[in-house]
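For reference, the structure is listed below as structure tokens.
Going by the order they are written in, the chains are A, B, C and D; count residues from 1 in each one.
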Amino acid sequence: MSDLDLEEAGAVLAAEAARFASFGWMRGTSGNLSVVVSRDPLRLAVTASGRDKGELTASDVVLVDEKGGALGAGRPSAEAALHARVAALTGAGAVVHVHTVASVAMGAREPRGIAFADLEMLKGLGHPTHEVSVTLPVIANSQDMGELGDRLEGARAEGMPAVVVAGHGLYVWGAVPQEARHRTEVVEWLLELELARS
Amino acid sequence: MSDLDLEEAGAVLAAEAARFASFGWMRGTSGNLSVVVSRDPLRLAVTASGRDKGELTASDVVLVDEKGGALGAGRPSAEAALHARVAALTGAGAVVHVHTVASVAMGAREPRGIAFADLEMLKGLGHPTHEVSVTLPVIANSQDMGELGDRLEGARAEGMPAVVVAGHGLYVWGAVPQEARHRTEVVEWLLELELARS
Amino acid sequence: MSDLDLEEAGAVLAAEAARFASFGWMRGTSGNLSVVVSRDPLRLAVTASGRDKGELTASDVVLVDEKGGALGAGRPSAEAALHARVAALTGAGAVVHVHTVASVAMGAREPRGIAFADLEMLKGLGHPTHEVSVTLPVIANSQDMGELGDRLEGARAEGMPAVVVAGHGLYVWGAVPQEARHRTEVVEWLLELELARS
Amino acid sequence: MSDLDLEEAGAVLAAEAARFASFGWMRGTSGNLSVVVSRDPLRLAVTASGRDKGELTASDVVLVDEKGGALGAGRPSAEAALHARVAALTGAGAVVHVHTVASVAMGAREPRGIAFADLEMLKGLGHPTHEVSVTLPVIANSQDMGELGDRLEGARAEGMPAVVVAGHGLYVWGAVPQEARHRTEVVEWLLELELARS
């Protein structure tokens, strides 16, 4: 891919990150976002590590391969490997990873998974009606991305394009960055609701 | 009506939607807003479905009839039928439908209706004094807009231009978009108060 | 006073109101702000009634006398009389009245007054140290401004330039609009703290 | 140091303060920020006292010595002495002091220190893994900066570049203003999490 295409992907991710940062979901330099720029071979543009997520520019992005390894300049987060794994596993074209208080609080309260039922907001995850029961999986945290990926693969639930990593945060995916954004907003809304009514 | 008038209505709705989105009341692509553009026959401009409510433009609007059916280009939400029903039933010129955490949390806590009394903020709904008791009706959710409309019609309470749909969100109406906005803010404030003090 | 001076006062109040509105403290069209423009005879500029407090312009202001009666164009809120009374009673040059969730929630929890002690933030109300105990008075609401003023006069506490009106909101005063703003922020912070830790 | 350098430091602090103020962490005129401008002798630029922290300009800054005494124009906060002490003690190049509701609420709940364990966000404080247990010290408040400094020095914990002052707020430090900002966001996130899940 050309540097120009990478910078375009970087501009999209910077705008998405600024949005999430304004919600307080990327405090410190936490979280990272990615977009698939080539499917075969699998290549993703991932936000650069260690930067303020509200101040990214189009060039604060790293090109990585299917293992999350850097293919050019810049240092990707170790979590780039998990982004690549999610993209390969689910076919998603965009992955969002944010650190929200509600996801960690609810993950601690419901370590075997957080159940949602009879909520209109579930239609925002693609369900045709509110009359469904779905579970947001909660997996144990790890610094080993292979281990974390295995847990995510094993826990993945039908009709729920998201996983909570306990003590850590939220992974959400979609076909394109805007879909991943909307699903992230829906999942976080559901978590805030459960937190508020418990 | 001319396309120009429809676009003008779209510009007003886009501005109102951006405001509600900034409050976190339209997460994902949830919620929709409408304004009556003709009373006889009843015609409404309704926000287009599936769009980010913080990024609407003046053309992201659909003209619908008294059944919520599209009269031109664009896809209205299924909920357009409920907007039209509310407008016909109440004489309102503008309808707001938002997905707020407080409305769903309080609707779950008080499924037979949420009572408010002795609150100055009730004057923002047209009451001449705080010394009143009013109930915000809570109705069961449905994907059938006829059913949902019947429930809304049956539950509608004197002095309360709003209804909570359980597990779903809030409908509020007023003479014009600005009045509907102010009433929405008042009802949501009342719900946040009840949530905070319980 | 000249129309020009009144417009200048209006510009200051509009900016202050926009700030408070952005915090969610003036939902609907609630609350009002004033500034003393002449001490003898007592004259205040008060924000116009029924307007969105985030969208005021310099001309959305009314000149009132020591009884809160309008001296020119525009309709003041009935509460203008209470603003004038506070200014006369305390010597304050600016009065802030906002509808915050925390003030109404805490006023309901502690109807005999809300005690604060050993808090550094109390220095923001003029105390030289955190080692003080002060009480924020809570008075019953009324639609009769004379009655409400009598209650405020009777309840006023040393070292606390503010009063909670139960089921209604918060009155805070200071020498100038900026001092009234800072004191409002301090009192609201104290209320949010009590709400969070109880 | 030249006036120009001081103004540059002031511009950085003004931008940082505006950011924290927008989060509601510097209500009233509370809190102050500093940056080390010379190490030997120790000299810090500290935000001027009594100003609205969302409206600082580059010149709202005071140069202080290792005791927090003013070296030029402007009135520093009494807390400037504590900023200088933290910089001398820890080698930090930037110190943040904010008044957050969560720090005071959690400091009251856990007066012997607030423990955090198994949280990915701890990596934002320099830990290589989430599998650590660290304690955020809580010290008693005092108007005597020497006493407060002694308490801070005695309570300082390994791997935690922050201290809560009970009934007061939060001190956080880092090598440069941006690191101090990110650590402040991380510590506040941890406090909000504990508050939400308790």
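Operating definition for what follows: a contact is a pair of C-beta atoms (placed from the backbone, for glycine too) under 8 Å apart; a residue touches a chain by one contact, two chains touch by 3 or more.
Model, not experiment: these values are computed from the prediction.
S.K.: Work out the mean Cα position per chain and let me know which chain is farthest from subunit A.
M.R.: It is C.
S.K.: Please state whether the interface between subunit A and subunit B is built from the same residues or different ones, using more than half shared residue numbers as the mark of same.
M.R.: different
S.K.: Distance from the CA centroid of subunit B to that of subunit D, rounded to the nearest Å?
M.R.: 44
S.K.: Indicate the whole-number Å distance between the mean C-alpha point of subunit B and the mean C-alpha point of subunit C.
M.R.: Computed value for the inter-centroid distance: 31 Å.
S.K.: Could you list the positions in subunit B whose residues touch two or more of the other chains?
M.R.: In subunit B, no residue touches two or more other chains.
S.K.: What kind of graph do the touching chains make: line, ring, star, complete, other?
M.R.: Contact map by chain: ring.
S.K.: Please give the residue numbers of subunit C that touch subunit D in the complex, ascending.
M.R.: Within the complex, subunit C touches subunit D at residues 23, 118-121, 124, 128-131, 178, 181-183, 185-186, 188-189, 192-193, 196-197.
S.K.: What part of subunit C is in contact with subunit B in the complex they form?
M.R.: Touch residues, subunit C against subunit B: 24, 27-30, 52, 99, 101-102, 104-105, 108-109, 141, 143, 165, 167-169, 195.
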